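I have placed the structure first, in the form of structure tokens, so that the comments after it can refer back to it.
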């Protein structure tokens, strides 16, 4: 599907030098699903920052010789990013590093500011220059400006948070400290843990803590700032509790890895539950339930368990298809390269097919067609998310040009267009059941935005404006 | 696991020029699981051979600019290879291309000759020089020598087959013909199909036919030679029916893709059946059946269905871990990077864990340990293959230095070593149930070799001998 | 030798779109001798900036596929840079691009600010963040801040020049204009010309104008700002004539290409003259005059012509030795790989050997030794520059750790240490004869600095300070 | 110019392991001018061959990490090659390595067999297969076939030499021996030397011996086989003295480096002499003599000395222009990118311009034009070689499609076409003066072939025939 979030963040700190880059690399491997465009690691070697960033997967950017070129360090910050292609975006690789009066700072960021345009204009009016078009640089600027009058970097960050609006889970590194923070509504996940060897690790998802051998301690709370430094771990909570928690529900449905636990709720369990809800709300008479791999499998299992219809393996995903694969002319279907049907499983059978979302409907239509060719008798599509109807301003990127099929067609119409025998979406009113707190942001489905909606919300708003000026 | 086969072959031919390289590339994507070390495509552009080969995955070797540098052609041969690492093995990339009296020839090969050493010695005594250490060059030599006295390349191949012993599925390309052949015992799979546009495609597995939009026609029969050329498709059957079919049973258990159908038997169905057999032979009292992804999932589903124990998703595989990942010092466990347990699913539960094989036992031990850390109460391991006890001379590569645990320990001992509560292997006498013909090669499990066992069977036998001579 | 300047700048503009990137590429080829670490081109495609930058030679960074990925544009700015190694310096590639209130700006810079530290501190106190450690970002900042109150970018640049001290030859590009400027003392060269097709080109040296088919119009004057835009070429001279011209004399001796003409003086002629001066001041009784290729050849010819001693070809330079060549252990002599003596020419002869500088004396010693091994009878070394005695703050980089041999030894001692029969330097009082205006900066030889000497002059002054703060 | 020879060979051997790859790399750097398409090194590590080969310059193929991946060895063979472009030619990289009955063999070859087509046909009739289109593989085959009946590899080589006709300077490496040989007419150079540390080195040119610190011992004689092994150095002379020495005169004029000495004659001295001959035969009234860098400089100096006209530096070569540079559309002149005139030197002057050859006349015409633009009053071109009139079958590659201007035009006509005031070639009857022995091959100038002319002499003769057969 074509919905993307931008980024995973990671950080580690110990009281003595260790292979911080290697640990970050393992953490990034576990967060790779959150972004595949570029990645970066900045190691803090006694105040000296050593960084390597690049376009590509963790395995491509951090080849063994690159990884071994890092010195040991007492801490490190790391990032993996989703974004548009093109070498020009090299400048947008994170963590970004900036030099300022009080020293160097590295910033890794997951999320989107909803008041980015206003903040940026104000900074520019005050003489700021920007090297990138990302919100991360805006955050770095504001922290730096506050730093001029603040006694510490964490105090500067706290003051900056008075100004920042929207979604942000941050890892900041200064010469002496590692700091992480989560926006007051907690749109994006962030948690931390500790290894037996005494290394603290901060990560977007708990699966990355496990990957580095760290035991999960707890989620960073919405609004909380955690400072890891000489004095151990200090929690600052002045931004906590001022707003209801609004974790993005799409983390459970699509973004996060099923083995992660976010804000007290297992992603696997949330997806099983979505399947169960669908089975109750939209039962089907069928021989087999199959999921679209990988993110539809858990919900398929939930549907199967609730309905009693046997679970099957009916679609195989080719894990070797590179990001650069170009479909042959006249056949735009990546789908037939990436997925194939198991004829033996589906032939002559009525199928319940679980997918995690429907955006334009083209991918779903091709999957239905693959199953028909393999002999499926009936196909009842069940979608483990409600239909996308509203834009997201907090870091979820539904292609702006996307022809959102659900805005113009009923489920029955969509089923016909796809060639499915029936189609149903997860009821929007049941979304609260997916999170532990029964409270989350589902604005993209119901339009109930927890914050003021920005005036100009185009993804490339900064880039576009730039060429219009100074002509 | 550490068992590998060497290679997938692919070929296409039409009566007019088309994007033969692009179609081969899609075919190779579908065969990538059969070998990830190197790959190659040779396009026949009106008698001129244009080739690109390289170390790496299809997505790495055939980047868009490389793929677009091929001319259109009326046919092409392609190969994906498993092998040892190191740039020196560039010479071993296939298809190999040779020039001889009657023109150029490209050869792609899957399998291993059991009389390779004798054949090679005889050729060398007659003045042959070898550029590689692969059996493929030996095959090319013998075909070429026969070609001197034969009226056609297919006749030369047929005569060569009198001499060749062992496993081989071949795709040969001459300036005017595409030819494929399968050894008389049919150790390795080979099939062909046709697209709506009239392109014939030959492939190691049927999943690659689907990937290029070709409809499966049938398997190439053991001993059969198929000649695709000006006169359409001609089948030569002089080597057919002289020996019982002996398809490698490990194709069903591990090598092939579940959506492939080989010699009339769906791989998915064979694996389901292996799970069912295990459930009947070695029942367990448990709450959940989980498979080790990806190749253990189908058998896990079979075990679940037969036993009635619910199927679960308990292990997540990280598909982004590169082949070059190097585990940090002191922690050789790729396992914890590649796999993680879904705590929510396994915590407090008794688990039946299905894996496809046990070689040295270390991987299995680590998976058991992951599940224990995630809170699994009991772990009953069931292996969907019998224990490896004998070397394979037909293309399956169990590391020669492998410490085959089953040769020295009973299942109970292995269970204890791994930390599992019980462990059982697929009964060797039930193997016949996996294939459609109820006849297959299972020599690595039972030592019943269908052909004479070679004297020197070391993998690097040619390379080692070379440095001992002419001193 | 180990003396380096940092950078060559280039820019082009026309009133209609053209292959601006291709023309920049040819210009950079001609300026490659001024810097080989990295290079970059930014094309202005109707206000949209498209840039490609990278570490390496122009031929490496601008491979045909990269070059052809640029769109046509009406203008472009380009840069080639000398600098330290390491991928981390990717951030320092120029032209740098910044976004600000009034639009985007690209800046390419050759030189060094002598008040960079003060300027940077002041900016940081005002909330600025820096992404790089280069003076170019400081210049961009100051121009941007002035831009807030200035009616045009050229006015902002002019106001910025009130603040900037030191050496700078600049090419600036805004969405609508190409602007170039030279510092009021004119330390670094800068000139412009025009092609028959109406494209204006700006370049560090006139050889780059020739390379793109542009006819030299004139040098940019010290202090002059030239604005190329809709209104043609506008010269602003408010900073002109306030200080004596102080072109770096080392441009004539070493940096510039012999076919360039700088401030009215041919570099070739200046070097011939240096050779003639040496011949008059330090005659030698010898059979042959040879130069160390490439930069010693012109002076050798001058010495030969003045003295009447025949000119010879006695040393061959290997042009294929890559920058990454690593000398074998225990033999640090790049010299014997890069240079070799023509035994036929030097055997049994007394030689006058002309080199362009002596820094540590090791290279010279090895060349003397090469010639001795080839049979030279006597070697009289003549250096076409005075001895380095003082640090340069205007862009010439004598390694800070360099063991400047001339500070501790007399020419006779140096001759003995190198194994030469005699050695003499260009008299410092004759330097004025090399330039047309008889006035130039020769501070590195005589300590007469035309501007206030900065307090902290370490090359890495910013990087070092950064890790000391905020601990 | 567009005349090329194919290849430089190099080899080293010691009685104990050393950094053989590093020494080869330095040797190849010194031979890089003989071929820039590809290069390779094969190290003999106690009978095990470790090789690295690739397309590109030595500095590109043997990056530090590649070079350091070689083990130490007691010997190594190396090669640098000129050839056509395209990744498909990777197979043609040398040294080629073949495996045969008596062990492994590496072969590096410089030259061209004039009976290659006959030899290849005969081998193919006997069942040989060829992987490449190069003569080197033919040589390897014939040596291998002889090896079957010969007591040693050197005896096999000697017997093979009864069959081989044409030009070949060879380095062969077996598990135990390094062998070099030169064809009986000695078309291509070959020499050997010894380092202080006891390493023997064999090289195409003496400049490569110097580069590795080896003292030149002597040229390998025409027809001589030298065997370096356990018994020291053994010379076999059974093919010596049967024919007059026929060194290719173009080695002196163009191919070899001026600091090399070939068959007793310094290349520098030969070129000086060519200049002197031109000065006597074709005097000119001029102010300055300039050479086209780099290979015209020595002859220019000779002309200057003989005529008394001052030597000047009038053309500068840009050493940074990569091989992949693509001239902008509509301007095919690489010349203006690679060369530039020194206006100061040539303006208003009458010039004698020395180039080493004229093939199609286009390059010369552009150089004349560059000088005119720079203000040269008169240009008298003198070419330090006779006109090319006949094809070479011994390894010199004048482009087969070359429009050899001298075959259709008189020198006066060529001068007019180029825009020169006069033009003269080196008299063909004075060629003998260039070599020490006064005897050399000058067939490309005078058509006097020392061996039978082959029937089919097309460069791609093998490749073309291949696609015609087996249709």
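A, B, C and D are the chain letters, set down in written order, and residue numbers restart from 1 in every chain.
Throughout what follows, a contact is a pair of C-beta atoms (placed from the backbone, for glycine too) under 8 Å apart; a residue touches a chain by one contact, two chains touch by 3 or more.
Worth saying up front: this structure is predicted, and the values here are computed from it rather than measured.
The set of chains touching chain B and also touching chain D is empty.
Annotation: 36 Å between the Cα-based centres of chain A and chain B. Between the Cα centres of chain B and chain C there is a gap of 59 Å.
Averaged C-alpha coordinates give centres for chain A and chain C that are 47 Å from one another. If the chains shown are joined wherever they touch, the resulting network closes on itself as one ring, and no chain has more or fewer than two partners.
Pairwise chain contacts present here: A-B, A-C, B-D, C-D [touch as defined]. Those residues of chain B that touch chain D in the complex are listed here as 46-52, 87-88, 90-91, 96-105, 121, 124-133, 140-141, 144-145, 148, 153, 174-176, 462, 466-471. Listing the residues of chain A that touch chain B in their complex gives 19, 22-23, 26, 29-30, 32-33, 36, 57-60, 63-64, 67, 207, 210-211, 213, 257-259, 261, 266, 268-269, 294, 297-298, 301, 305, 310-313, 316, 318-326, 328-329, 331, 336-337, 340-345.
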